[in-house]
């Protein structure tokens, strides 16, 4: 762990450099080989508005309309998952808390599956995010209601009710899938949607996720001090002037919106929310002043590198992105845990 | 003492494993078949012997009278071969418009079954048709229950379909009808092949909005080839149906895109997959989109592994080569002519 | 209210109490915790909350802090109801020292103490020179300056307790509430902590602490409040006043189930108005008659 604030800023700077490099690489690298110079020409035309005759139209559409939205979505979804993980972990003072454990992710999935089942997904690109947000919100408010008494929330009850509601959501999703089997096309759509991933994402999806994540992140910046204080315990936080009840409620709403948005766009990619904030906390310490920007960058880096990894090493394979994030994240996470345990002992 | 218990436990375990290995024939059903494990049928007249790949044999002394068809493919094939009185159960998907070409063909009195052992046994069948993709637990029970079982495992080409039809016709004692179906199928394929021969082969991509396409050694690949086209994904994707990245699909620059039409929104005036694909900005520069050559074929014709598949091929052929003539039919008045039935959504 | 309550503060009745609780009642679900509890506390007092285990001392402290909301009654700080104040403004007047909870993630001592300045700083405002001076002063007062860079969860129980007290000092409050501040400390740290609190009350702050050790309570506190069941079997304030007036043989027997010899001693270390105090010796349980 680095204690010196200069070092911490340096690390965030390194993350930023890594982030920029990766986003560059992600645009350059894809299932189809397009020469570096061509890509630069295409990008310069798109950004500067200059006209080049050499550009092949279909290569242009691949770069501008397939790769760019894909990279941007990986960025935003990864960032939002990591941020939500960070917030829930700090708010509930539990390194295990994450949107998936609290049932928020499964609630969002259920909402999205309902949207597909009813055919609403074909009417508007916004229907899946909307339903996902409603699903996540309902789940979270039920979980929070159950676990909160007199403005105090018992962490064990919160996590347990999250697990229970999560099971219920998964069951409801399976039920819908079973019901949809009499229509093969709908069933297929639900199955592939639940597998998640970044394929076939368009600028529409970018514009769905962009405002939610950006405004969410800006709001969260205002909560960096209260989050530090909540980490010490709600009695401490209240004692130094944090309105715990209101802060918790606001943080839950923000994270629900962010999880709803990212789940609706990339489906269930679970491990980032748990691992990225934890790793960063081990490196940077618990202060949210550094953790918030670091998680934003770290989440984006994690999802982009997982996507890049898949496209470089498993070209044209059908390995879901969530599998890659888990397969890469889990061993690293365990390694850090063991290392930390040795230090403590 | 504890060590002794542990050793006893280990020895007992080893003994059991050895027993299972030694008396493998008892537990033969633990092993599911791999490769071609279609049931073998003895030639000649009844009584016929059915030999499963597990070695289990059944003898049918007379043509079966209580047939259960537990797969959609055999539902379709039997519909052309056997009178309905001889069928006691068909698969439960047979009336699903999104999957079946013979919705409401079978009388309501015939049970719709899941591949589920209790309901199958309760119908007291004398012959059950299952497939490689049927629920393996139920198949295991069936194989043990002394009811004659026919397992089908090959569905990769028209040759496979024809073999399956021949086998089913043989075991149900309807060889004549079976041969008629096969002849017509072969004639129609040959007819298309002959018609498309003089034309230049367009580059065709099969694309499913979930992001799937087909490589070689698959029915869809065969359908495109018969219809006089080149499957652009043939040597790019592995054999069979596989996920294709959008980027790759666009870069293949197909002249024609074939999609599978949704059934569920036919009557709801919802967007067809063709409209959705056409509205995707990223696809705007694909020749097929530019020239408005994106077509949807009813999914039931593309998915079926029965004689109905020819409808899908004829539909694709008509899309690829609008110049060709439809297959002339003797009973055109009664039956829809397939090439007019193409859903052209332009 | 029972007749046994002796309010020694009648003299101060013309002053406004710094912190007062007016007929507080609180229950968790259907279990009543506190009924009709009244307290008036003034600047400069060192009040010990005493009572048996689970009688509701922590609950009362949390009610005074506003962490719990009473079903009836209200808490006033300088005559203003807590409900009408923002948490930030309450935090400028009142600090709370909870029993230390282990942290899964560790801050440094300096960071934790600096958090006391939170009510004075905006969301993005960094600590000014004045703020860091206050934090340094708080660490100096509690004698933890040498620990500033250490991680909080590497410290001993006594050190942690002092860190949290320093954090509440950095808030510059008028009132400090403490929940069992000496429960987990060894005897020398118990004295140190209580001396520290006492010195704060001499700077005209009000300290209210839940405390188990009756002798230490008698020695340090200027006033004791005994929480226990009244005749009706409801928990409320059953005695309130100077240690000599609260720790009577009758109260000890009735509310603590003990007998003890009560000895008057001279308090010599501080020149204060009340220099006499009491000490309990030969404490023994009362055998229950079967």
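To keep things simple, chains are lettered A, B and C as they appear, and every chain counts its residues starting from 1.
Basically, contacts are C-beta pairs under 8 Å (C-beta built on N, C-alpha and C of every residue); 3 or more make two chains touch, one makes a residue touch a chain.
Since this is a predicted model, take the numbers as computed values, not measurements.
Taken chain by chain, the contacts run in an open path, each chain touching the next and the two ends left apart. Remark: the per-chain Cα centre closest to the mean position of all protein Cα atoms belongs to A. Among the remaining chains, the Cα-based centre furthest from that of subunit B is the centre of C. Centre-to-centre spacing of subunit A and subunit B amounts to 40 Å, using the average Cα coordinate of each chain. Mean C-alpha position of subunit B lies 79 Å from that of subunit C.
Chain geometry summary: the mean Cα position of subunit A and that of subunit C are 44 Å apart.
Looking at subunit B, one finds that none of its residues touch two or more other chains.
Remark: subunit A residues 30-32, 57-62, 64-67, 119, 122-123, 182-186, 188-189, 192, 199-200, 202-203, 311, 316, 318 touch subunit B in the complex.
Only residues 28-29, 62, 65-69, 86-92, 94-98, 101, 103-108, 111-112, 115-116, 118-119, 121, 123-124, 149, 164, 167-168, 171 of subunit C touch subunit A when the two sit together in their complex. Residues 93, 96, 98-99, 208-211, 236-238, 242-248, 250-251, 253, 260, 262-265, 268, 270-271, 276, 280-286, 299, 303 of subunit B are the ones that touch subunit A when the two sit in their complex. By the touch criterion given at the top, residues 3, 93-95, 149-152, 221-225, 228-229, 231-236, 238-243, 281, 285-287 of subunit A touch subunit C in their complex.
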